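Both of the next two complexes hold chain A, though its partner changes from chain B to chain C.
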Partner chain A sequence: MISLDSCPRRSEDVVWRMIDDEVVILTADGREIHTLNKVGSIIWELADGTRSIIEIVRSIYERFDVDFEVAKVDVLEFVAQLADKNLLHILPAGERKGGKDGD
Partner chain B sequence: MEDEACKLQIGDVCISLRFKDTAFSSYLREYFKGYTCKEPELIIDMNIEEVSDKEFGGFECDLLSLHPKAVKGNSFNLLSGEVTGTLNLKEKRCTVYFSRKGIRIFKQFMFMVYYTLMKHNHPAESKNSFLVHACGVSKDGYGYAFVGPSESGKSTIARLSSDYTVLNDEIIIIKKEREGYIVRSTPFRGDFLENRNRSAPLKAIFIINHGKKNIIRGISKGEFISQFLKEVVCPDSLLPENRWEMLLEMLDFCADVARNVPFYELRFIPDKSFWSCIDEIVGV
Partner chain C sequence: MAIESPIRLVEEVVNKCVERYIPYSVMFELTYRCNLNCRHCFIVKDGNINELSTEEVKNIIDQLVEMGTFFLAFTGGEIFMRDDLFEIAWHAKRKGFLLTFMTNGTLITPEKVEEIRKMKPVKFEFSLYGATAKTHDYITRVKGSFERTVEAIKRLVECGIDVTIKTILMNLNVKEREEMEALAEELGAHPRINPGLAPRRDGSLEPLKYDLSFEEMIEYLPEDYDEVMLSYLSEKSKDISDRFICKAGKAGCCISPDGTVYPCVMMPIPVGNLREKSFKEIWHTQPSKELKRLRNLTAHDLTTCPSCDLAPFCIRCPGVVYLETGDIVGASPSACKYARWRKYVRTHHGNTATSIGGLYYEKTKGR
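Now for the complex of A and B:
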């Protein structure tokens, strides 16, 4: 169950690159390619297991001209979609990774 | 046996294929004519369960997917034992056994040989030279790559480009050289018969599909890379290697191509008029 306190973390079974403003993700078996738009790419970069979804929502809210409630719904939906595809893992609130300086 | 070998140039590498079945060997020499080379970097003794010419020409490529592979010392095992063999690069020797089921990845095996020799003998160039599922055409001294999956129209483009030099209608090499990217033909053709070893500076790449009229549109780098990447032959080799590094090499190559070569989406009708649209957009 994904909540605003959950911490999304990028799967280790993918390789990815930020190319201009877009993230391109390739699954380890080489079978799937995913491209994320600008906002999705920022969420992906932030999803390192150290930040909760609500923290990511705040970051999106601060960077883009978007209503906070809309950002909340959009980020939750986006994270859920990527979790469904096993591109993101969802860590419960108590299991977030230590430090925000990276993996 | 050496006289009857099929000596084959694939991009920068030269290999010699030796068969016990001389009839099959001469069939391959004819199939790959235009790509003869003199000094092979690797001699491959090919052992194949009885297979007809028709079967040889009929297999499909599953480009991006990686086949099950195990490499231990000098031995390799592909497709869970359907293709097995030994590789000794120091001695420039390889022996391979294809089962009847394994022969369907003959072409992929050749791709693996290409990447193996690039990595071992041409390491500086190997990260900048990839096989791509595409049709290549040279016009007025410049190369154009038409990239797309099966049925997207690569052979149609080749057929409609008879006024120019068709490099290949199935697999080409896109390679970064000092002056920029080039497109190069390979022996791995589709329906196109007049296949010879040639190259041209790469002017533009088109992601193609059939359409009701000719339309060329710009697409984002992400969109281009996600389409282009699907048609790049994964640089899997007969060497033990880090799969992550391999996939990242592919991604980095695609990103570099996107930064340095103009790219478009092309929808076209099956006549030569699409070339006028291309001339307009690339400024010829």
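Now for the complex of A and C:
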């Protein structure tokens, strides 16, 4: 169950690169490809297991001209989509990673 | 913040890499040393080459992350001749690459199989040149090599590794083509069995003496063996001439054991050395005049190919034509030969289904 306190973490089973400010993700078998737009790419970069979803929402809210409540709904939905595709893992609030950007 | 993942996206990403000169696919030749001595090998045996150290290789791999490389293939020579292969491969794995190992497999011990099983590279590509020990060992000039290669293939397939068997068809093995396909199926591997010998990298045409004659092509090659490739090329580039330009030096390259960067494994045009410059300098900020020339080539620069009547049947590799003639914009004798064969079988047999719109007459109307 995803909540605002959950901490999303990028799967180690994917390979990703930033190309023209957009994240391109390939699955480990090289057979599936996903691209994220600018906002999605920022969320992806922040999803290192050290930040909760609400912290990511605040980052997006501070950076873009968007209503806070709208950002909250959008980020939650986006994280759920990536988790469904096993591109992100969702850590419960108490299990966040220690350091920042440990990859 | 939508996710996009339609099939066409792969092509879009590749096109973007070509436009932006992002080397999404890199072949890293870790060594030219080899325990086999294949008759047709295009590598020049140079015992004096100063191979990159483990740390130098790791440093280059780190640079490739920054450059946007996704696919990293380790090739040689024989990659298992390097004692530090796994140290290098684990480093690459941790940095996040889709790894391919290209090998003859003869040095893969049970311990190495276990290490590979843990690492789970995307795929292994094995060179196998015959369906029998007699043929394969004759080509590799090492007795027992067939048995060891087949054994390694079996072990890796058992581990769940995606294995491809690559076979270059020559006049030495073409009679075993069907048996090789059956062997690959029996082993649980994907067959990639094609003609296509290249001259040696120093320009020697010696390997071409094993190339198929026109008569052998007619007798032994299935009419549609390269239909998929030909259809793909013509689907991708409606203008025939566009098909003769490739991604080499734009979205892909090859790094040699001493750190020299080449546009492609088949194109021995040095464009810089990673002991002297960073990858970014070689690729982006200080590209050599050779690299700039290659990137600026268009189909209009080709001297004869776009207007040739064999063009619809042609799969021309700029690297091979360079090796064959030294003239990257000229005609490729081997490509011309295979195009003539494609035209011949399609004209004389006329029973090959094709999706090359506009390039062939409809079968019902005849020629």
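Assume the second predicted complex is superposed on the first by the 100 of 103 C-alpha atoms of A that agree within 3 Å, B and C clash if a C-alpha of one lies under 4 Å from a C-alpha of the other, contacts with A are read in each partner's own complex, and residues count from 1 in each chain.
Assume contacts are C-beta pairs under 8 Å (C-beta built on N, C-alpha and C of every residue); 3 or more make two chains touch, one makes a residue touch a chain.
These numbers were taken from a predicted model, which means no experiment stands behind them.
Novice: Examine A:29 and indicate which partner it touches, taking first as chain B and second as chain C; both and neither are also allowed.
Specialist: The answer is both, since A:29 touches chain B and chain C.
Novice: Is A:78 in contact with chain B, with chain C, with both, or with neither (first, second, both, neither)?
Specialist: Second partner only, chain C.
Novice: Taking the superposition as given, does A:15 touch the first partner, chain B, the second, chain C, both, or neither?
Specialist: It touches chain B and chain C both.
Novice: Look at the residues of chain A and decide whether chain B or chain C touches more of them.
Specialist: C
Novice: Which of the two partners, first being chain B and second being chain C, lies in contact with A:53: first, second, both, or neither?
Specialist: Once the two structures are laid over each other on A, A:53 reaches no partner at all.
Novice: Please indicate which partner A:88 is in contact with in the superposed arrangement: first for chain B, second for chain C, both, or neither.
Specialist: In the superposition, A:88 contacts neither chain B nor chain C.
Novice: Considering only touches as defined above, state whether A:7 meets chain B (first), chain C (second), both or neither.
Specialist: In the superposition, A:7 touches no partner, neither chain B nor chain C.
Novice: Once the two structures are fitted together, what part of chain A is touched by chain B and by chain C alike?
Specialist: Looking at chain A, the two contact sets intersect at 15-17, 19-20, 24, 26, 28-30, 33-37.
Novice: Within their complex, state which residues of chain C touch chain A.
Specialist: These residues of chain C touch chain A: 1-5, 9-10, 12-13, 16-17, 20, 22, 24, 65, 68-71, 96-98, 120, 122, 162.
Novice: Could you please specify the touching residues of chain A with respect to chain B in the complex?
Specialist: Interface residues on chain A, with respect to chain B: 15-17, 19-20, 22-24, 26, 28-31, 33-37.
Novice: Which of the residues in chain A come into contact with chain C in the complex?
Specialist: Where chain A meets chain C, its residues are 15-20, 24, 26, 28-30, 32-37, 39-40, 43, 74, 78, 81-82, 85.
Novice: Note which residues of chain B are touching chain A in the complex, please.
Specialist: 64-66, 220-223, 225-226, 229-230, 234, 243-244, 247-248, 250-252, 254-255, 258
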